[in-house]
Each structure stands twice: as structure tokens, then as C-alpha cells.
């Protein structure tokens, strides 16, 4: 099938090959299942690197486009339309990068129904990659909803005590948002006679009030996914109950689908509405930053702490995106990647200790640095990255975001007030508070619990799952230029379009 | 005209009366007899409306055969009366009041359409005689006719299936 | 000539009584008979309008309705007999094995 | 009508004629088939369906009026006939082992099923209200009997009686409605009604009332709120294959009539009808989905689910008065019927696989742990549940997509909103099945029967695959309805 | 002299500047990767060598600057490139940054060497071999980040170092992370330092945002070049920048109100206190203000604020230092006080004076801390001896029963005899700090006072008072530690440290003594050295470089300060020698631990408890924050939002609705209600038992109702 030989379809559907192989394995062949999944995801990663090689960073438009007619009807057409540009290339890579790492992390953690686990995991990868590549609203929606299913199972089958509750909640919350988006998509399809996003953007001209409604409908889906305050109630449940690998992917990629949706659909499709809504979204984002950080602090469960910290971090992303200037958007996109790396790593780290002690209650720990020095050191680096220490990845993202938000606070900017950036910058302090608190509770102080004395330090496989993340954490922290270069032209184009829209409004 | 109206009203009163009798008679056998009477009266209406064939069919098939079958089943099962225990005692008043509402609605509709409905004139003498009915039935309505034959076959099979003792 | 709306009025009354029979009677045979009354009311409308329009097709319809009624009766009474064998009752109020 | 015309007309509906003849012959042949070889009847019945299917497909290009305007053969009819015949086949397939297992193995099942299918086929071609009524009865009477087929199981008998009494009651409304339409226009032919309306001789009030009563009767058949109450009881009491057939075939039959009658004959009174349909659709979706949450018995749950889906399909009729949209909305309804039917059959197949005698094995708890013991069955059920919810990549999603699109196009955004919100609610109870299958432990008892498994498997694969390659089905549905207007 | 003006051309080693960062990095990496297999000595040597080499590079840079005083910028790579935000990894070599590099690497090397010995003893006493490596890795990391801070050519890279040193500070304060109060005290101190610094960093960030908004760059040169235009256009903007920056300075350089972390930071090992919390890191704020001098120069109100904050801090911390008993705490408050001097100086615009004091302070305060470390270890050794050599087991137990604090000056005394070298170097450091001529401290402090006397009387008075207190508490400390009789067994058995520790002390003592030569009022070598960097308009420049109106030395100012210092020393001698001896005659139970306690009464308690500022902060900021976040997390988010809103309202609501609706299908509810009504009105008690529904008819009723409503609609429409 020629269809599958396009780079983008290949990278999307390659995991299916692994799924097929897995289907023929017996349930007892656990190791084989693990290897199949790992190799499949690694090859997928390699393919995505191939996509990166073919990607021309200087071109702001969609590249490696594949646009095949799919369902053609009078008055509307749906095409299999995929493409990659500066907005999505990084997220594509992030997805394919985190998947093998997550799979590696499950090596010993998942021992029940391994085959099914891997099948769902690869299907999840398929869905996520599809979300980032689809350029047709119909296709996008299919992938978007599809990701729910495997994740639902990952949480529900391999999760913790209240896994069923969490899984259903996750499913329903996310679906609640996306059904509104479905209506908006249908409206757009009727309006434009097509579901192709670039065509719809080019057509433009949606009346202002309708734009706002459509914006809200799309935003509902994405805001729940992000999740923006106050729609975050599903997140702690889902994260706490999900298995480690699930949490990694959930935090690392699935949440990014929400923020990505904003920058891919909401902003370019409804530029005027975006300009109008920017202060509101930014206000929610800032509340999310502070609220998430404050709520993280008193948590007893490490995973919950990290989960709430995601609310805070994604608040930064949203603030950046809705600064609607180059720094803000670029920082926002980079911060998506950063959050994927740092929080992903944090979840891996929590998973490692959970595997050893079967608890995540911080009071049950203390002084682990002495017992597990490597583990402690790596955790420290990740925690620092998460709280935005300069020189590590988090800072680059947060700083550009805040800078963009401050810039947008000037008269004539999208936000119109410096308070957004100033209050958001307070989040930087609060991040230090809860992250260091966590580090202190786990690693510092005397080893006063008997069970902790004999803990083994992390092994090579576990180090192996963290090292790639750490490399990127340092890389982005020290030399983020290549990452910015990848997205800059596309973002500039987006900002230019926004400026045109702003002019049209006045 | 007046004769016809008087006839109509007296028959109508009888029809409604027998219907109400069916509705309220506690004994199912009585109800059946009331209904047979009602059908007979309706057959008279059919006659008045130039439908002799249908009227005859009404008397022979409906009132005669079908209702007798009812009677037969009731007697067979000895189920003239059902138990006296009232169930959902509110149901009857509610249903009756709803019935009144429906009646009012229907009558309102009928009255509101007074004069708007077509007024029939004299009809041809052949109208409604067995010949014209048969002609229409077997020419115009040959397909429905065939369908009814199958329907009866189905009913027969169904009845057999339902009543055949298990082996 | 009796105006057609009189007939309609009469048929509406009969129809309502039939429907009420379904609602308030508990004997399934009587309920079934009430349905027959409803059909009869409809037939009256047919015949009356057939007369008005001078269209025999209305009468034909009555014919079909009667046939269908006969078929229904065959099945319905068989059903009632069967259920009576099982439950020793034809009281519909006792048929509540299944509820939510 | 001359003999020649009759022959011509017969030829026009040859698939139906062949099918009915086959059925009648089978009644005779069945008598001579010995008791221990009744599988032959099943086979012959299936063969009859397949033959009829072949004829139907060969008739796909046909478009003509037959029997003096009683019948119209067109794409719409052919499309639905295929649906009916396939559901008939599934009805046989699902029942074959089930009947033996439940010890109600009687060959009349197949014959009655075939008669019901022929009623449905007739229903798809109706061009006259008299035929609507007759087809409705031909469709229903065998179903009454089939509902009671598991006698002397009391549930089955009760179901049959309830279905019968209420069906007859609703039939009374249809007849009265037809009578009023006749009174309003002087004809029962659909084209005649249209002519009377355009000729100005029709009494619009009477027509509207008549149409409303017909809507009530047909709404009963497809289980539209508030005419739906029989559904859970009857679905629960009837033998499961019959329920499956009812849930798909009878519903499709009812909708065939609704679509045909309303779209052909009543566009003129859409001002009156659309609000009624709007409210009914909204109520049906809402109530069906919400009440399903409270169900613990899978058959009742699916019954409420089928009520809810009737609401979705009914939604497609709402904009029937808008010429621009109605073509597409009817096509969407057809598409949705296929999606719903396929999925529903699959789900029922799984239910049948788990059902035990004496109504055991139907509680949600009985599904616990299914994924461990029968991963494939559980996976298939998951697909069906997702499809019923409307999650991609399943046919249910594509169906909803199509449906909601036409509704929005018709300007009924509020209704579409209710539609999507209720499908969100539905996710809750559909997912509960999945939760039980995958996330709870249990020892489910499954009877593994090839035909049932195949039905579930094929339905699952088709649900997914057709959703991705839904173009042809889209095309067919949209072409089928073109001749309707 | 090394820094002579003569050479106009010379060798150029500017390209080497990245190595000041890379060398510690290499050292760090070697120790990280191979450290597990290396011996203690080797680890320490590698780390020290790395720092030492960095010092060599710094010297080479200094040499190059002699010939090319304009300096250079070396850009290594791009960093953040986003829209018009262009930041690179660029190194600035000029006299200011090179001064800092020299101090950091120079003092750093000495302390590294000292730490080899110090940490060896630490290992012996605390028993965790991996600590040694960890310590030197962190130490190298600190040098690395500090170098990034001082060598940056833009504010953002400076910020990298700024936060980096904060991190190292965090790590090293919490170095003994399982020690301290309740085993967690040290870790908490580290966290306090980091978070407090983050508050400062928040200010820095806001300053950076404002700066970018106005200048569209972070580069020093580019920013400074645009100042005249921007100052004309929007002076408020520059005021915002400078004030925000002040918050950062207050955090890093421990000024009011963010100084609270520094005393707690003494929880770290002594070399850490010496290097990070005395000599280098805490002066970063001073460096920042000096570096941003062109910005401050155009907004005098900001300058005033900075100067006042500095002066107030100087006095405030000085008072607290008077009443502390922990040897390191005294030094810590002294550091805060001296930092106040520097901040006040650079705030006023006296950049050279401030920087000069920074350098000399680095020498003598490092010396003091290290000597204090030597004292502490001497006491610890003494305690160790007492514990292990004591013949009577009983006494050991009794001793172990109570907590013995080797840092408490009340446990010391008389060490003059047992630790001779330490005593002498300590004395030099103390005199230098006290500002008694001709040691280094005198010259630098005097220059600050001199400038202050010209520029701002308020600042001058505050600083003079602080200078008086400085001499007093240093006198007190020397007397309590080294003179008199040993006040504990451990002190009596204390012993001198080894040469690896004492040699660096002696070197530092030499610098402390002679550091004044750098910038004697008559030569102003240092001033001329810096003038290449602090380039601004003439009028301001004069103040900055301390050359105003030929004021080179004011005997009055110098006399007053020297005189006050001497008086203070005498006073200290009187109180802590004479009165203390008299105090000893009292019975131990009634004997106060400090002669001043009786004299000053509640004031002493106030000072001893540091004005209860920590407690105040807990009350006003921390406890409310914790309470609020607990409230948000437990009540708002979980109870209300998660449990109540989602689980109860939405989920249960739906289930309830479903149940109610399905019950209504049964019409049982209506039944029940009707029956209840019936029972209430009639004698319907029996009827309640007969609740039974006729389903079929109810179902028909529903159909019927539907018909009626539809017809009703058609009629009423």
C-alpha cells in the first residue's frame, strides 16, 4: 500500500505493526511482548527522526503533506490530510520519544496482562501521533477521541485502587469537552464545505460572534484536556491511579494535545475570538499556575503533588500561547516539550520508588539520598528542571513565556496588563516551595524508617529510562536554539496572521 | 333530513351507551355482549352510509365470528371476572380524566372543522355495492389483498405455535 | 343527509371509550376488545369519509382492518390462552415479573 | 389493473415475491422435515434470505411504481431491504444454537422470522397508507408470537402479551390516523395526499392530526418516548435473538415507514410536525440514555440504549421539511440505521453468548472478568459499546457525525447539543460494561457457539473497518435517498 | 605591582575566558564519573586543581587587561533565540568581571585546599565516605556557576549563574542533610535559603522583563548604550528595573528584608560558609548593582533606596551580631552587616569603594570563617578526645547525654594557647574586619565612609554606628573564644589543625593584612583599574571612581572610624575580660552566660532572638501560606471541587436522575405519593400494603398521554 509509505502515515501507523505481532503472541510470552513493543516504538522513533531530517525548518507551512480524498460528498469533503509544521514537529518527536521510555519503564512494573498492556500502549501512540499530524478536522477528531480508549484501559486495568473511578472520570471529562468541539467542527464543515484546517483558515471570514462561540466550543475540549483551572478535577485522579507509564504519557503527551489544540486550531481558525479571549484565558492560566502550585504543596501523595504541579506548569503554557506574540507562543510550545520531559521523568521517578515500597505517601520516606544516591541526584536534577532552574530546560520555556506575557501586557498587547506575567512569575517561587518540599520529604533528613534502609539504588535499566530525558533536559536548557529554530517560521506566520486579524478588528 | 338526524342520534346514543356498557361492565361476558351490540349498531351506520357490503361483513365476520371467538375464550378460561383487588386506585380517575380531555380535544377539532369538511352529495346507486367493492378490491387493491392473505396465514401459524403443547 | 362531522364526533367518542377501556380494564380479553372498539371507530370514519368522497377505497380499508383484526384476534387470544395456562389469570396487573 | 400490469408489478417487487413464496413453501416443506433434522429449516430459511438478498441487490437500479401506486421500488427501499434481510440472517444465526440451548427449538421460529422480514420489506416500499398499516401488522404479528416463543417461561409470555396488547393499541392510533388522512385528502396514496395538498383540497388540520396519530403508532414501534415503555419489558422477556431482531429489524421497519411517509407525503405540514418531532427526539435521547444508567440487567440496558438510538434516528426526520437538508438527513438516518444495526447485533451476540437458561447471565456482574477468559469476545463488546457511545474509530461515531452534521445544517443546533450531551451520558453506562469486563474479576460463563462468535466478530471488525472506509456506504445511502424526493 | 598602568600593550588571552567555566566543569565531571574509585585526597586535589587553573586563567585575563583595558566579549554560542529575543552564551572580560573572577577563583582555590583537610576531619566524625566526593562536586559546581555569574555579558546569563549559585548554596547548606534540628534542620535551612533567594529572583525576573520590554535586549553593552534615550523617554521604566533588581539584590546579598536565610545558612560546612556565604556568592548582589551602575546612575531615587537599604542592613545586622553565641552566627550577621556596607556603597554610586570592600571582605571574612572552622574542629577533636580517652565510662555517658555544641562560644575560651596559628590568623582577620589600620578592612571601609560622608549623611551615620558595632562584636568574639579560661572540657582538650588547613589560613591572613594596598587613597590603583569598565558620564563617574574633588583621604573620617573602633575594642575588653572575670565569682546557677545580659536586659533578649524576625515571617507569611494551600488543597480542591462537586453533584445527581426517571416509568413514585396522600386523607393504611402497579395499563397511559399532549399542541399552536 503506497498510502503507508508516506513518512507521516508510516510514523503514525507503524505501531499497528507491533500490535499485529503482539496479537499473535501468547499471553505467557511476557518478555517477548515487551521486546516487541519496545522495538516497535524505537523504530517509530527512528521514523520520526527521519521525518525531522526531511523537515525544512525554514518553511513555515505544512510539510510532508499527504492529502488523499477520503469521504467526498456534495457540499463537504473529508480528506486524509496530514502534515507537519513547526507547531507539531516537536510534539511528534516528544511522543515517539517518550513512548519507548515509558515502555522501558514498565519492564518489571507491569507483569499482569503484558500483551494487552503493550497493545494498548502502541495504540495510544498511534492515536497521539495522529492527533499531532492530522490537518483535517474529521481526521483529527477521530484520533483525538481514539486516544481516550487505550488510555482508559491503561488506567482502568493496570491502575491503582480507585482505577475504575479514575478511568471513567478521565473518559467522561475528556469526552464532555470534545463533544462540544464536535459540534463546532460540524459547523465549520458546513460553513467551509471542507474539514481541511488550512483551507478553513484560508477561507476565514467567520463572523465575530460566531467565532467566539466556536472558539468556546473548541476551547472547552482543549481546556479540559490541558487541564485548565477549574476543569482539572479529573487530573489528580487519573494521574494517581494510572500506572507509571500511563502517567508519563498522560502528562507528557496527552495533556499537550489540549495545549496543542489551542495553538493549532483555536488561534488560527478564530483569530479575532482568540484576541478577545486572550485576557480571560490568561487569567485562568494564571489562576491555574498559582492554584496548582499552592495545592501541590500540602499533598501527601507524591504522585498527586506532581499531578497538581502539572496544572501549574500547563498554566504557563497557556499563558504563553495566549500572549499571542512570538516569545509567548514559542515558549509555550517549548514548555510543552519541557513539561513532557520533566514531569514525565518525575512520574518515572515516582514509579521507581513505588515499585520498591508500594507506597507514595511522603511521610513514609525520608533520607533516601543516603540509601539511593544516584536516584536522589537524578531526582534532584529533574525537580530543578521542573521548577525552572536556569541552565535546565524548564527555565528556557518559562522565561520566554513570561517574557512574552509581559510584552503582551504592554498597551496594545494581547493581554493588556502586566499583572498576568507578574503573578505568573510568583509561580516560580511557589514551584520551588513544593518541589523542594517534596525533595526534602523524600530524600533529606535521617533515614528513620526501617523499611527504607535496605532499598536498592536504581538499576541500569531505570537509569537508562531517565538518561535520555536528562540529556534533553540539559540540551534544551543549554542550547535550545535548534528547538526554537524548528518552530520559529511557523510561529511567526501565525503571529503575522493574528496581527492582520487585530487590524481587521479595529 | 331530520329523520336521518333523529335516527343518527338515537343510534349514536345507543352506540355510545353500549360502548360505555362494555367499558364498565364488571363481567367480561357482559362486556362482550355489549360490544357485539355496539358492532351491530355500527353496522347500521354503515348501511346508512351506503356501505352494505361492509355492514354485512361487520355483522357476520366481526360481530358474528370474531366476537363469538372472544366469548368462547372467556367462557373457556372461566375468566369472566378478574379479582376485585383494586390496583393503582388512582389509575382509573386519572385515565378517565385524560379520556375526557382527549374527548374534548377531539370534539374541539371536529367542531372547529365544521363546514371545512367536504360535504358529500348524492352518490351513485352502484356505490358501495358488492360488485364495486369487489372490483376495487381485486383490481386496485390486489396487493393489499394478497398481503392480508399472508397475514392470516401468519396469524394461523402464530396461533398454532402459541397453543401447541410442548412435546 | 347526516353531516360527516357528526360521524367523526361519534367515532371520536367511541375511540376514546375504546382507549379508556385499555387504560382502566384489567382483564386482558376486555382490553383487547377495547382495541377492537378503537378499530371500529376508525372504520366508521373511513366509511363516513368514503361516502363523502364517494370513494370505495375507504370501504376497502375497512375490509382490510377487519381482516387484520381477525388475524390479531387469532394470535391475541392464543396468547391469552397460553398465558392463562401458565398463570391461571388474565389480569394484566399481575404481569409484572419484569420491572426496572 | 390488467393481468399484464399485475405481472409487471410482480416483477417489480420480485425480491419480495420470491422471498414470500419461499417462506410459504417452507411452511409446507417444514411439515415434512423430521424433528431431529430441523436444522434444515434453518438452513433453508437462511438460503431464502440469501436468495432474496441476491434478488434485492440485482434490483438495485430499479425505480418504479407498482400495483397502482401501492408500491414504489426505489433505492431507499432496496437499501432498507438489504438491511432487513441481513438482520433476518443474523436473527437466524443468533438463534440457531440459542434455541437448542434454551430448549425452545422449533422450526416455526425461522418461518415467523421470515414473515416478519417480508413485512419489513413491504414496509420499505410502501406508497399507500393502507399498505403501511398492513405491512406494519405483517411485521408485528410474527414478532408478537416470537416474543412469546420461549413459553412457558413466564417472562416471555408476559412480554408477548404486553407487546401484543400495546401493539394493538398503538395500531388503533395508526388506523385512526390513516382514517383522518383519508378524510382530509380523500385518498390514502402518498402521492395522492401530496396532490391533494398541492391542489388545495386537503383539510390541513385533519391531515396534521392524522399525521400525528400515525407518528404515534409508528413511534410506538420504534420506541420513541413517551411511546417506549413496552421496550424494556419486552426486550427483557423475549428470547435474546428475537430481541436483537426486534431492536434492529423492527426499529428499521418502523423508521422505514416513518421516513417514507413523512418525507413523501407530509412535507407540507412540517411546520406542525417539526416541533413535535424535535421534542420527541430530545425526550427520547435524554430519557433513554439517562434511565439506562440505572439498569443492572444488560438486556434492559440495551433496551434503553435502543430507545436512545431511536431518538438519534428520529432526529434525522426533524428537518424533513427543509428541502435542502432533508435528502441528506434521510441518508444520514439510513447510515445511522446501518451503524446502529451492525453494532447492536454484535452486542446482542455477546449477550447471547453469556446468557444462561432461566434468565441467568444477564446481570452486569456476570460480565466481570470476561476479558481474561474470553479476550476476543470482550474486545468485540468493547468495540460495540464504543460504537454505541459514538467514539471513533467506530461506525457509531461516523453515523453520529453524519447525523449531527445534517441536524446542524438544518439549523437545529439546540437539538444537536442535546444529542451530543446525551451521548456523553450514554458513555457512562456503556463504559460500565467495559469496566466490568476488563477491570473487575469474575468467572464469566460463556457458551461458545460458532455462529454467535462469528456474528460478534464480523460485526466488530465491520464496525471498525467500515468506519474508516465509510465512503461507499455514505455514497450508497446518499444515492438511495435521491429517488425518494 | 601587578596592576601597574605602564603597560599599554601586552599579551592577550581573552579567548581563554570560557575556560573559567569549563575548568571547574571538567573537575566536576571527573569527580562525578570516576570519583567513586578515587581516593579522598585525589578528589580534593582534582577539585582544587580545577579551581586553581581557573584562577590561572583569571590571572591571565587580568594580565591581558593590563595591556588592553577595554576588555573583550567572547561569544560561545547562541542560547535563546525567539523572535527578537536574542540571548547568547557570551563572556565579558573587563576589569570588573575579572576582579570578581580573581576573587572567586583565588579565594575559592584556597578554600578548596583548606576543605581537603576540613572535610577529611568531617568524614571521620560523621562517617559517610561518599560525602567527600559530593562536597567537592558541589564546590566545583559552585565555582562554575559563580563564574558564569561574573563572566556573563548579558543579564540573562548572569541570571543563570545567579540561580546556579543559589542552587549550590541550597545543596551545600543542606550538605549534612540528615543533621540539624530533628534531623531535618539543615535541609530546612537549605530550603529556606533557596526559597528566599527565589523571592529575590522573582524581582530579578521582573526587572528582566521590564528591561526587555524597554531595551529589547539583555546585553550589558546594548542596554547601557540605549540608556540616555530610554531615560529621556520613560524614566519610570528604569526606576522599575532598578527597584525590581534591588529585590534580587536583597535576596542574594542578604539585605533587609530577605536577609533571614543567611544566618541559617551557617548549617553548612564551614568552608561553604567561608566561600559562598561570606566571600563570593553573597556579594553577587553587590556585583550586580556595580555592573548595572549606568542604570542606577540615571535614577537617583533608586540609588538612595539601595543605599538606605544597605546602610540599614549594616546597622541592623550589627546589633544582632552582638548578642549571638554561635561562632558562625556572629560571623554570619557580621557578613550581612558588611554586605550592607557594600550595597550602600554601590548604591550611592561609590562603585570602587563597594568593590574594594568586596575584595578585602572576601579575604578577611573567608579567613575568619575558615579559622572559625578550624576552631570548631579543634573543639570537636577535643570533645572526641574527651569521649574516647576518658578513663571513666560514666563521664562519657554523662557527657553524651547532653547535647554538646562545638560552635557555641560559651563552650570555648582560652584557645589562644591550644591553637596558636588559628589564634593569630583569627586576630588578623578580626582586626581587619574591625577596621583598624593598617589592615585591609580599614582602607576599604574608610573609603565607603568617606564617600558616604560626602553623599549622604544618613547613610554615613548608620554606617559609622555599624562600624562601631563591628569592632565591638569582633572584640567580644575574640575574647570569648581565645582568651580567658577554657569553659568546657572539649575546649581544654582542643588541638591545632593540620597544615593543609593552616597554610591557606596564613595566605589569607597575609591578604587580609595587605589587601589595603590595592587601593590606597593616594594611588587609587583599583579605581583606575575599574574605570575602564565603569564608563559613564563624567560627573557621575567621579563619584563612582571615588575621585571627587580630590577627596582622597579625609583624616577626620578616618580618625572617627578608627577611634570608634578602638573604643569598641576597649569596651569589649572591659566587658568580656574584666566583667566576665568578676562574673565568674558568682555561683554557676546564677551566673549569666553573657555579661551584657544583665546590663542590657530585655534589649539583649531582643537582639539574641534576632528581633523575632523569623517568627514574624512565619506568622505573617509562611503560616498563612501553608494554611491557605492546605485549605485550597483539602477543602476547596478535594472536598468541594473533587468530592462534592464532581462526585456528588454530577455523578450522584445523574444516578439519582436516572433512578428517579426509571422509577417513574414504574409510576411507583406516583403510586406511593398517591397512596400516601390516600393514607393521610382516608383510612388508607391497608392500601399502602397493596401498592401494586398495572404495568401494561401504565404503559398505555403513557402512550395516551403522549397523544393528548401532541393533539393539545396541534390545537393550541
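First chain written, first letter: the chains are A, B, C, D and E, and each begins at residue 1.
Note that in this section a contact is a pair of C-beta atoms (placed from the backbone, for glycine too) under 8 Å apart; a residue touches a chain by one contact, two chains touch by 3 or more.
None of the values given here were measured: they were computed from a predicted structure.
> Supply the minimal count of touching-chain steps required to go from chain A to chain B.
The least step count works out to 2.
> Have a look at C-E versus B-D and report the one with more C-beta pairs in contact.
The greater number of contacts lies at B-D.
> I'd like the most central chain, judged by C-alpha centroids against the all-protein C-alpha centroid.
Closest to the centre of all protein C-alpha atoms: chain A.
> So what's the Cα centroid distance for chain C and chain D, whole Å?
From the centre of chain C to the centre of chain D is 25 Å.
> Take the average of all CA coordinates in chain A, do the same for chain C, and state the distance between these two points in whole angstrom.
Centre-to-centre distance between chain A and chain C: 65 Å.
> What's the distance between the Cα centroids of chain B and chain E, rounded to whole Å?
Roughly 100 Å separates the two chain centres.
> Distance-wise, how many Å sit between the C-alpha centres of chain A and chain D, to the nearest whole number?
From the centre of chain A to the centre of chain D is 43 Å.
> Using the touch definition from the top, which residues of chain C touch two or more other chains?
Each of 4, 8, 15, 18-19, 22-24, 26, 28, 31-32, 43, 48, 50, 52-53, 57, 60, 64, 68, 71-72, 75, 79-80, 82, 92-93, 95-96, 99-100 in chain C touches at least two other chains.
> What parts of chain A, by residue number, touch at least two of the other chains?
Not one residue of chain A touches more than one other chain, so the list is empty.
> Can you pull out the residues of chain D that are in contact with at least two other chains?
As it turns out, chain D has residues touching two or more other chains at 130, 134, 137, 141, 144-145, 148, 151-152, 160-162, 165, 169, 173, 183, 186, 205, 209, 232-233, 291, 294-295, 428.
> Write out all the pairs of touching chains, ordered by chain label.
The complete list of chain pairs in contact reads A-D, A-E, B-C, B-D, B-E, C-D, C-E, D-E.
> Where on chain E is chain B touching in the complex?
So the residues of chain E in touch with chain B come to 667, 670-671, 674, 678, 687, 690, 692-694, 697-698, 701, 704-705, 707-708, 711-712, 715.
> Flag every residue of chain E that touches chain D in the complex, lowest number first.
654-655, 657-659, 661-662, 665, 695-696, 698-700, 702-703, 705-707, 710-711, 713-714, 717
> Where on chain E does chain C make contact in their complex?
Listed in rising order, the residues of chain E that touch chain C are 662-663, 665-666, 692-697, 700-701, 704.
> Give the list of chain A residues in touch with chain D in this complex.
Those in contact with chain D are residues 70-74, 76, 113, 116, 138, 141-143, 145-146, 148-149, 152-153, 156-157, 163-164, 167-168, 171-172, 175-176, 179-180, 182-183, 186-187, 189-190.
> So in the complex, the part of chain C that touches chain B is made up of which residues?
Touch list, chain C to chain B: 1-10, 12-21, 23-27, 29-30, 32-34, 36-37, 40, 43-44, 47-48, 50-54, 56-57, 59-60, 62-64, 66-75, 77-82, 84, 89-91, 93.
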